[in-house]
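Before any comments, here is the structure.
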Amino acid sequence: MTIELKKLTKRFGTLTAVDAIDLNVGDGEVLCLLGPSGCGKTTTLRMVAGLEFATEGDVLLAGKRVNDLAPRDRNVAMSFQFYALYPSLTVAENLAYPLYAEKLSAAEISKRVAQVSKTLQLDGILKRTPGQLAEGEKQRVAVGRSIIRDPKCFLFDEPLSRLDVQLREEMRGEIKEVLQDLSRPTVIVTHDQLEALTMADRIAVMRDGRIEQVDTPHNVFQRPSNLFVAGFIGTPQMNLVPATLKGSDGAGIAEFAFDGGQALKIQVDPAVSQLSPGAKVTLGIRPRNLEICQDPVEDSLSTKIDMVEPMGAETLAHMNDGYRDLRVVTDWRVPLAEGDHVHLRFPPGVTHIFTEDEQVLRSAT
Amino acid sequence: MSELKVDNLRRTFGKVVALDGMSFDVAEGEFFCLLGPSSSGKTTTLRAISGLEELERGRVHFGGRDVTEVPVQGRGMSMIFQTFALYPHLSVEANLAHPLRRSGASGADIRKRVGEVAELLRVTHTLKRKPTTLSGGEQQRVAIGRAIVGRPKLLLLDEPLTNLDAKLRDEMRTEFKRLHRELGMTMLYATPDQIEALTMGDRVGVIRDGKVVAIGTPRDLYREPTDTYVAGMIGSPPINFLDAKTSGDGQLSLPFLDRPVETPGVAGGQSLVVGLRPHDIALAQSGAAAIPAKIHLTEPLGDVTIIDIRARETNMKMVLREEVAAKFNVGDEISVTFDPGDLHFFDPSTGIRRERQAV
Amino acid sequence: MAVLPTEKHTSPATPHTRGGFGGWLLDPKRRGALLVTPAIAILFVMNIFPLMWSFGLSFFNYKASSQRVPRFQGLENYQDVLTDDKVWERFQTTAIIVGSSVILQLIVGFLLALLFAKAFPMRRIVLMLVLTPMMLSFVSVGVFFKLFYEPTFGVVSYVLNKISSEPFVMLGSPEGAIAGIVIADAWMWSPFVMLLVLAGLVSVPKYLYEAAEIDRASKWRTFRTITFPYIKSLLLLAVLFRTIETFKLFDIVYIITEGGPGSSTETIAVYLYRTAFQFFKTSQSSALAYIVLFIVIVLTNLYLYAVNRRAAEVD
Amino acid sequence: MKTPNLKRTLMGATILAAGLNAAPSFSADITITMAAPDWPPTRFMKEHFDQTYTSPDGHTTTLDMDFIPWPSFYERVAASLTSGEQKYQMIVTDSQWLGAFVEGGYYLNLTDRINEDPELTAIMQDLHPALVSAYSTYPHRTRAQLEEAGVVPAPGVNYYGFPQFPDTYVTFYREDIFCHEGEMAAFQEKYGTNLPCTYEDWQDTDWEKWGQIGEFFLREAGDELAGETLSEPFYGIAYQAGKGYDFSTMQINAFIWQNGGDIWDESKAPEAQAEGVVNSDAAVEAFDQYLSFLQYMPPVAKTGQMDIFVEQDLYMQGKVGAIIDWVGLGEPVLDPNASTVHDKSAFGPAPGTRKDDGSIDRTGNIGGQPFVLTTWNSDEVVNEALNVVKWWLHPDTQIEAVKNGGQSGLMSVMASPEYNDLRPWNRAHVEMIDWQKDVWHIPEFFEMLTQQQEEFDKAITGQIGAKEALDAVAEFQQELLEDIGMIE
Amino acid sequence: MARKHREIGKAGWGYTAVASVIGFIYFFPVFWIILTAFKTRTDALAVPPKLIFTPTFDNFVSVFYRASITTGTSQATDMGLYFFNSIFIAFTSVGLALIVGTLAAYAFSRYPLRGNDTYLFIILTTRMMPPIVVIIPIFLMFRLSGLAGSYWGIIFLYTAFNIPFSVWLVKSFFDELNPEIEDAARMDGATERRVFFGFCIPQILAGLSATFVFGLILTWNEFLFALLLTGVETRTVPVAMARTLGGEVGVDYGLLAAIVTLFLIPIFFVTFLLQNQLLRGVTFGTVKK
């Protein structure tokens, strides 16, 4: 079973919420739709569920076009951002709710409820109503209700957005474990890149109704296809430094001039040779990839520590040389003092180049 | 000399004890964070300091005098509220100008100050608008602006980032820190989020059940948590707690190891709770120190990946760089190791930290 | 009560006093009491004091139309009232009218609410048509419904006469007269129930219906498990509020039937009015008024209980 | 209230002193506020007062009439009186309230004034004794008692009021139908007696014929009436049978009296009983007769809502051939804007019970209202108010009033040659007024009336019989009268 | 593109048509009353009932001027004065109640007294009880105090009548305010008076005006107190309306309908504007949504 979206478009009046997107979710695959609020990810999900109608394009579930089917006829399971637990029913009744339509025997229903409640550790709270549950429990019940039956696909809308920081960290893992057992196409909508990175097999990064990149978490993180994805994924945010290409050697070693006059050679993707010297580029490098040297070394950017933020195991340092801010994350043991002059090295192979049209410059692999 | 001295505050709401023996000092110009879970008394503390809350017991000293009886209007503090509490019926400009009204400053003066603050916080373009038309980040900045425009000697911040989304929170943290440096005012910041406390605070006071249970610099609290509560509170992913025994001097038995670990300074024959931070667990190259473990779950966070491992029935979390972690899959067998020097020891019954020499 | 403040609502500590109005207002210990005083004072003078007075009166044999010096007679008035078959008959009549009217209001109001629960073009305007009855005065509703029921001139009678051969004489029998009053009252106040039910219906988060749709729940199950629980407490509120209000039913009865035929539609409010203002049995009517007041207090208590339950559910 | 007012007493003394010292032409500004129902007879009084009145004592007198809508008139006046606001100097009052408000100390006893003032004495003598009995006396004195005394004021009788609008009920009928040749012939054929067409015919109409008329003119839609096909049902007769106020008692009392029954044996108080009088066989028989005609009336009679206005509406809209209603409601019948039968109506005396000698007893219950003075007025105001009374009961004023929809209680006016032609119902009114009696004026009257209306209503709507109803009334009245000490 | 079903909770013009028909059936009695306002007496009582007739404005004229049947002269009905009385009495008393009630509501919301809920309960009870229960003692009190028939008497009474309503409704608005805004104002140095007038009141201005209007509507139609406790000069419109109920003729349906129609117009529009607040208003703020 698969989900296929073909040129799927949704317009509300003059506003185009979703703009002709194509997407495939394979059987058993978990796909995260990731993007800032208002990017059209929830609308896309709702079109798959049938709660919203496509203006143009098609939704195919298991190869069948379902555009004109009501949600109930599409046989999808969905968990809502606000959980949508039925407030007057107990947890057990909530879990059993989707099963009534399948005309199962009472015994079968209670068996399935028991199964799910065991998987999600809901045994202790089966008799309670949603009002008596903690946020995390509600969340698990919502998940339980969507996985109790055997639908064509699973849809999750911002499943963790209502939980506090600590609970979110716990639940990320928990849901991921559950998802690994469901062999159905699954779509998760989230605006939190950490959730997407942890839970997805693939991530589709959306912006303004379009998909910017679809790839594995690893690739989305390590090989962003454009400036938006690079900036959106990763915390602290990737350092994005405007620079001018001075020249390259064809093997990926290129020299860049920075504002303020400093110039250095950095090993980047060999595709840099496609650019002619003088081209304006943006260099992208993750805060954890920059290396701090106390003493000046060749091809390092000298700068000054502006501010230090201890984060426990790591330390985030803000550097400023008068022209640009750079964020660097180091182990907490590295001594850093505000006002110190340091030198930053760009290790080979970790610097991305974005051209003026904001696309990454990368040789085919 | 301490600018703010909070001494043994008590406040109850019906049967609920909000504050009970809350005491701490904040030095002039210091950025002090109160860290504690929700309803541990942070908000009540700030409100008591500001004079918005009456106290049953305890004194508040500020700027060298006892202000316990001084009305809220006369304390010269300002506050940033969790809900921002912007005046919805006034324009941004009027919101920012309000704290200056009582100072008797001239209209021109007020306009100048408002302009400066708006400039500083990059909200100049919103001055004529009503707060409800602003984005969350802009509202937050206006709230900050209103709190600092009167140049208070003490700025109280009550979970100001709770209502913002993750990305904005990261940005605002840095912004607060920068503001503190530029304005040099004393700040008292309440938050339930350890990362906020660690990144911003000069010192952090950890609150539990209405009183401060630990005070220290972020680094100290991370390195030498005073008890299991503090240890569990600080650090992400949270510290791994393990039940351990010492078999002899310097010999520590850990549940996931079939042999004792050499740990100098540990006395024999006692039960301990051992804390081991996920970041302190490393992949083992090879050799005797290697502990065999199985990968249970991976959570890629971008640069780093949290790996849940299981070693002899014991679940632990560790953190690996993404490019390293990407090589592994769930179910893979790996070897890990740690430096015994990174272990933290706690009393199993009280949870209080034990220093090595004392152990 | 739902009105209990959370801890954040409490007064700030501002122990210092100042002169003048500000200082007076600023005294935090008395501020609440002082602010409440004017309201309580007016209520005391115009409501509570008269009530106490009449409570006193209810132990005398005072008549407002007589110059005789009132004589204290203890609980005699209460005894008279409570042992008077007439009074019990009026209570019974009131109960029947209140009961059937409230039930009818619930049904009609509920159906109307279902009609208006959907968003449709011009909804606000169409809704106004249904809300209008509530804005009329009792007098006009009474007079015109009486005219509608009139066997010769009435529109209702005219239409029904076309259908049946017998002339339609609605108010000729006790049952018909009660029906006539109930229909008029229910017509006037069903929109109120509708408003409450509508509030319940729109308070159901849309995502619950979406979830039910996804879960393939039948319409009936959706109603039973989602819609109904949301309006349940509001229905209870509607019942109590309307019961309290219908308990006051006076003008419509007085105009449509004058309590007739016989005394079959004379409500306790009409009877109280007659006792006090036509028979001038001031003391006795005070005693009866106190009994009515007691019932209203009980009902009001139940009402507030329902309000709080609703508030708890909404939170 | 009779609380002595020092200020007022002093004022009175000053005025008295001034009167003694100075010339008798002491004048002042006087405002007389009068509670009055809002309808033409009172409106006329105000208009005419403003145009014609000059104070014989030289005062500048203003008559400030508070026109109160009829339906809330009683409540308003009762509220004003018992609330002690002392707003009114004069009040138009239904006669049955006299007891309650005299006992309450609100209505001024005028016996001495009348006694001392020959002008007033003359007026009282000229007033029809039925009116004096009904409108003026408290405790109530019957016409017979007054006539026996023969003088005004009669010894031991207290006088309170003067007629503002003396009202009687008469028959309103459709000349076009009752004088239609075909209908007349058909009626003659069916009942062997004539269909009343002229005034004289109505003088000879008893309840039996009234019933025949009802039966005769009961027509379905589609039937012929006076040569035209009816699109809606038509009815022959209607009289009051309404639950409100006194809207059935007034008619039922007539039946009872005419049948030799009585409504309460007050004349023998305190020994007399309500039991056995109120529910006497004669009374039951009379009530039964009253009920027997309801079947011919428009269906609203079955609801107990046939009040004096509904009758009038049914008549004016051409739904009924003849009604018995108050003269006071006659004017709109002639108004083309309100009435479809304004040019087809004539008026006759109300039917009565034929006695053995062939004459007809038309004893009826008087309507209309007296006006009274209130007890808190200063002497000066009382004097001036009595001047107003004299002005109002002056024959010239009375004639003008009659021309403008009023009525007169002065025998001299009613006897004047022009009187009968002033309004079409005047002849009937004069004939009827001689038959009038009134209900008893005890303070508890309202309670009795309400309960009685309730029982009558049950009988009218067919829930109980005449006997049951009157038994219930008798039992209630007996108990109540015993309670208040009227019966021992 | 073809749609098999609509999104949940939405409907189109077809639905509007159905709802309009049902709404109109429900509205029909009112429609009939409005029609009657344009009918002559004969048309109003015509059998069969007339839907088509020659409309007349006489009834509306008669509201203010009436022609005497006998003399044919036209007299002012004093309806202008009664209008003024209604407006003056209602505005003054509702205004007073709003001021007094707002102060109390603020206290109940922000400075709860001991027994706060009991006070609130008593206040609500005074409004829930049938007026017939209090009218007797009030009547007696007016009798002794001499307040009967004066403007101040009825204004005072209506003020008391409106206070419970104002307190509960305004309190519900105060309860919804974010109290941190007031705290912020205090921190900014605002006095308590300024907190109240400068920050609380402006935020609930809309609520206050809604309360005022609801109070007017409730007071406007009051009949029993007005009947018994107003005098000639202080009579209000509902009492004056009673003149249509009988006098020389029975009920003057056309005139009553005309008055009802005239009085319906302002309330209709006000209700239309306040539609979203309506429920809160009619339940004294106890039900917010």
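For clarity, chains are labelled A, B, C, D and E in written order, and residue numbers in each chain start from 1.
Keep this in mind: a residue touches a chain if its C-beta (ideal position, glycine included) is under 8 Å from a C-beta of that chain, and two chains touch if they have at least 3 such contacts.
Just so we're clear, the structure is a prediction, and the values are computed from it rather than from any experiment.
Under the touch definition stated at the top, chain C and chain D share these contacting partners: E.
Comparing the CA-atom centres of all chains against that of chain A, the greatest distance is found for D. The centroid of the Cα atoms in chain A and the matching centroid in chain C are 56 Å apart. With each centre defined as the average position of its C-alpha atoms, the distance from chain C to chain E rounds to 16 Å.
Distance between chain centres (mean CA atoms), chain B to chain D: 93 Å.
Contact with two or more other chains is made by residues 8, 45, 47-48, 139-140, 143, 180, 183, 186, 191, 228, 242, 245, 251 of chain E. Under the contact definition stated at the top, the residues of chain A that touch 2 or more other chains are 51, 70. Taken residue by residue, chain B touches two or more other chains at 51-52, 72-73, whereas all remaining positions touch fewer. The residues of chain B lying in touch with chain E in their complex are 47, 50-52, 72-73, 77-79, 81-83, 85-89, 98-99, 101-102, 146, 150. Every residue of chain E that touches chain C in the complex is listed here, in rising order: 8-13, 15-16, 19-20, 22-24, 26-27, 29-30, 32-33, 36, 45, 47-49, 100-101, 103-104, 106-113, 116-117, 119-126, 128-141, 143, 156-157, 159-161, 163-164, 167, 171, 175, 179-180, 183, 186, 191-193, 217, 221, 223-224, 228, 238, 241-242, 245, 251, 253, 256-257, 260, 263-264, 267-268, 271-272, 275, 278-279, 282-283, 286-289.
On the side of chain C, the complex with chain A involves touching residues 205, 207-208, 210-218, 221, 225-226, 228-230, 313. Looking at the complex, you find that chain D touches chain C at residues 74-75, 78-79, 82, 100-101, 103-105, 232-233, 243-244, 298-300, 302-305, 310, 313-314, 317, 319, 443-444, 446-447, 450, 454-455, 457-458, 460-464.
By the touch criterion stated above, chain C contacts chain E in their complex at residues 1, 3-5, 8-12, 14, 21-22, 25-26, 28, 31-36, 38-40, 42-43, 45-51, 53-54, 57, 64, 112, 115-124, 126-141, 143-145, 147-148, 152-153, 155, 158, 187, 192, 195-196, 198-199, 202-203, 206, 209-210, 213, 234, 237, 241, 244, 247-248, 250-251, 269, 272-273, 276-277, 282, 285-286, 289-290, 292-293, 296-297, 299-301, 303-304, 307, 310, 314.
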